[in-house]
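Take a look at the following structure, please.
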Amino acid sequence: MPAKTSRRKAAASRPKVLAGTVFITRQVHFNAAHRLHNPAKSQKWNVAQYGLCTNPHWHGHNYVLEVTLSGQPDADTGYIMDLSALKRILQRAILDPCDHHNLNEEVAFLRGIIPSTENLVIAFWQQIAPYIKAPARLHRVRLFETPRNFAEYYGPGIAG
Amino acid sequence: MPAKTSRRKAAASRPKVLAGTVFITRQVHFNAAHRLHNPAKSQKWNVAQYGLCTNPHWHGHNYVLEVTLSGQPDADTGYIMDLSALKRILQRAILDPCDHHNLNEEVAFLRGIIPSTENLVIAFWQQIAPYIKAPARLHRVRLFETPRNFAEYYGPGIAG
Amino acid sequence: MPAKTSRRKAAASRPKVLAGTVFITRQVHFNAAHRLHNPAKSQKWNVAQYGLCTNPHWHGHNYVLEVTLSGQPDADTGYIMDLSALKRILQRAILDPCDHHNLNEEVAFLRGIIPSTENLVIAFWQQIAPYIKAPARLHRVRLFETPRNFAEYYGPGIAG
Amino acid sequence: MPAKTSRRKAAASRPKVLAGTVFITRQVHFNAAHRLHNPAKSQKWNVAQYGLCTNPHWHGHNYVLEVTLSGQPDADTGYIMDLSALKRILQRAILDPCDHHNLNEEVAFLRGIIPSTENLVIAFWQQIAPYIKAPARLHRVRLFETPRNFAEYYGPGIAG
Amino acid sequence: MPAKTSRRKAAASRPKVLAGTVFITRQVHFNAAHRLHNPAKSQKWNVAQYGLCTNPHWHGHNYVLEVTLSGQPDADTGYIMDLSALKRILQRAILDPCDHHNLNEEVAFLRGIIPSTENLVIAFWQQIAPYIKAPARLHRVRLFETPRNFAEYYGPGIAG
Amino acid sequence: MPAKTSRRKAAASRPKVLAGTVFITRQVHFNAAHRLHNPAKSQKWNVAQYGLCTNPHWHGHNYVLEVTLSGQPDADTGYIMDLSALKRILQRAILDPCDHHNLNEEVAFLRGIIPSTENLVIAFWQQIAPYIKAPARLHRVRLFETPRNFAEYYGPGIAG
């Protein structure tokens, strides 16, 4: 019976499903200006706290952003999420507003926030999270300010 | 009494033991061809899902594999496990079958599996785990497909 | 009433506080000589265990140390801890005693310890921890012996 | 006389020109499959020469391509050439035909060429050179097959 | 005769001199804000040339600077030049004026210069050259704007 | 005439030869102890010159060695030289004597030489050159002492 045969063949060629929670990361980068400055404090306080990082003429960084999702690989695709789709999300949520921009002056979702690496990972999480649809879950936002300094955030439910 | 003295001296020169759970990682690399393709689906579906990654003529990567063990440093050696021994395990379990090979066509333990980075870390865990003897434990398998994309797996008991 | 206005203005310019536990990492590096050697064991045992790593004439590494703190960003500074302050701590606690030194012979806090990467991360944690003041917490000490080998330690309370 | 003043002002604000020959490099990357195989030779010869690299099932790499131009910075722009324009050239000349493709089977300009890294840098030079317009000059094509192996080509007039 | 003996001994222990021209490089890094903008041209021209790089609110980079000297290793020290001394020169000549500063607004030696990577390597050469004393010679200034873009300058006498 | 046909066919399948001088590089690494010390000088002189680098208890590095050959790709193989063969040469000439050894005390070809990076690249060139057979030529020996410091040597005929 051909129908049965072809059904059997299709079953045979269906990919083997591997079960388990996997974490998948995509790295992107952007270049931005910023300064560390608390406008509620005196210039003297700011210089004592931040040194050169509070320079009113700005400085900047090649930021490297790594975003990690968790989930089970999909039975049909083997993907937690297509990383090209994640890249497009990061382009819209983070790179379009931040790349070649001034993090203190030009980014709506950072208004009023001191752009320390610590604050940036929380703010970036808040921007990215709404785009990540179940069953994928946003697991971690990691941001390198330089190759020697980075911050990581695992979401509001995690105590360090 | 010389015997006692020498026993005392030996005791003095015995290395100081540091207690604590440590995680130790070895990185290895291999070059392989692959494609993402679900044979139970149409070519149209595969192109829509995978784009160029489903190219029937293959593409490839310089994969970087990082394998992490956990355990207490051994009192005599200071090792969780000799990383040269771990390297030999990875050579046999992963590099010999995968390096300069085609992950879809030539690797017995990947037969029928879509070689997404997600699926590879689960499959690699299954290959490596039997070689890791207590008290060392396999903690994490991390695989970089490119310097910008990587997957991590912490074993079957971990929910993300 | 100007006073009220200015009070309102000050309130308006107070930075927005982002709540959440963030992990912040600083990387430093040092160059040192060492060998792996258990003085309570025979030379034959040492060679069998350690191979070239027990060479009595020493070898050495460009060690890369990454120290991670956790905490809530401070409302006034946006910092878990000023990373320049952390760098100064690491200079005093680790780099001054270890950089361009012999880890077996010259470092008081490593006396009697086999300087495997595993033992070093525990010993480094013990040196660094007293300097980290609440609300910041020491979260992880990661040490790269080479770009291909590294160890991580999360403190005495963590089982792997 | 306002006309004169404004001419003087324009002159004052014209950027200072720095003279000198500068070399400017753009890095791009692509992932491809290939094998080393001389079809005019026996299988035995190919295995003796190439070992696993001649595997008929292919293997692959994350290629990193660095293209260097030389020239004088333009007085108006400060550029030898806009690196975004160079990136578009490399996209069209190299990445579109090569990325996620099979270098032996699918790339018209590599037909009949053994895709060793040596041959690739010559072939890539030939593809890129027609796009580089004077006064910019193509200076070097560097291709990393892996982070540990790379080839460089400086054009037909250069003897090593 | 002890004098003769000791002279012979001193001669024996004098280090062996290796002759040859060697190139020695020191890498340093700094973080700065900048924008590409030609004030003699219209805003429209600037946007057409520079795109986001002309953003009046600035952007920034983690610049990596590599400075190469050439010379013969000194018979007594084995050095072309002590790289710690070169590091101090780079600190004074480049890092003090540029690090955490705005390259367009705050750096005296860059006044009126469009801070393209091309122009920066020429300007940096001019700053560094006076500090390099014969027999060492300044050979190359290389500046990475990002890990994917860099410029190199070999001095006024070199045609590309 | 089958003979002619098959000759024509063989000609057709002979690989296309690309002419040009190409530079090909292989990177290897080793870990070693050393110190900078001129035994003909006083301890005071050595400390003034070398600082911590003259520490009599040694320090060490993860050395990264990059060796570049030049030549024309061979018509049959597409290779200047098989990089696996170059790797074996480097293993015998440099890694076997230097890896996990003390560069001052244990390496015959470095006897009496101050192991500065400058001197090491000349000494390594002398060790490697005899193994490189025409038509391949040894072009450059580059040695990273750390990721931030490196020396390059182009052979005895090159003035900087």
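The letters A, B, C, D, E and F name the chains in turn, as written, and every chain counts its residues from 1.
The rule we apply is simple: contacts are C-beta pairs under 8 Å (C-beta built on N, C-alpha and C of every residue); 3 or more make two chains touch, one makes a residue touch a chain.
Since the structure is predicted, the reported quantities are computational estimates derived from the model, not experimental observations.
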| item | value |
| --- | --- |
| From subunit C, the most remote chain by mean C-alpha position | D |
| Same-residue or different-residue interface between subunit A and subunit B, half as cut-off | different |
| Rounded Å distance between subunit C and subunit D, as computed from the means of their C-alpha atoms | 41 |
| Interchain centroid distance [CA atoms averaged], subunit B/subunit C, Å | 25 |
| Geometric centre distance via CA averages, subunit D-subunit B, whole Å | 34 |
| Touching two or more other chains - residues of subunit E | 51, 147 |
| Contact pairs between chains, per stated definition | A-B, A-C, A-E, B-C, B-D, C-F, D-E, D-F, E-F |
| Complex contacts: residues of subunit F adjacent to subunit D | 10, 13-16, 18-28, 68, 70-71, 73, 76-80, 82-84, 137, 139 |
| Of subunit C, residues touching subunit F in the complex | 29, 31-34, 51-53, 55, 57-62, 99-102, 105-106, 146-147 |
| Contact footprint of subunit C on subunit A as seen in their complex | 36, 38-41, 49-51, 111-119, 121-123, 125, 147-156, 158-160 |
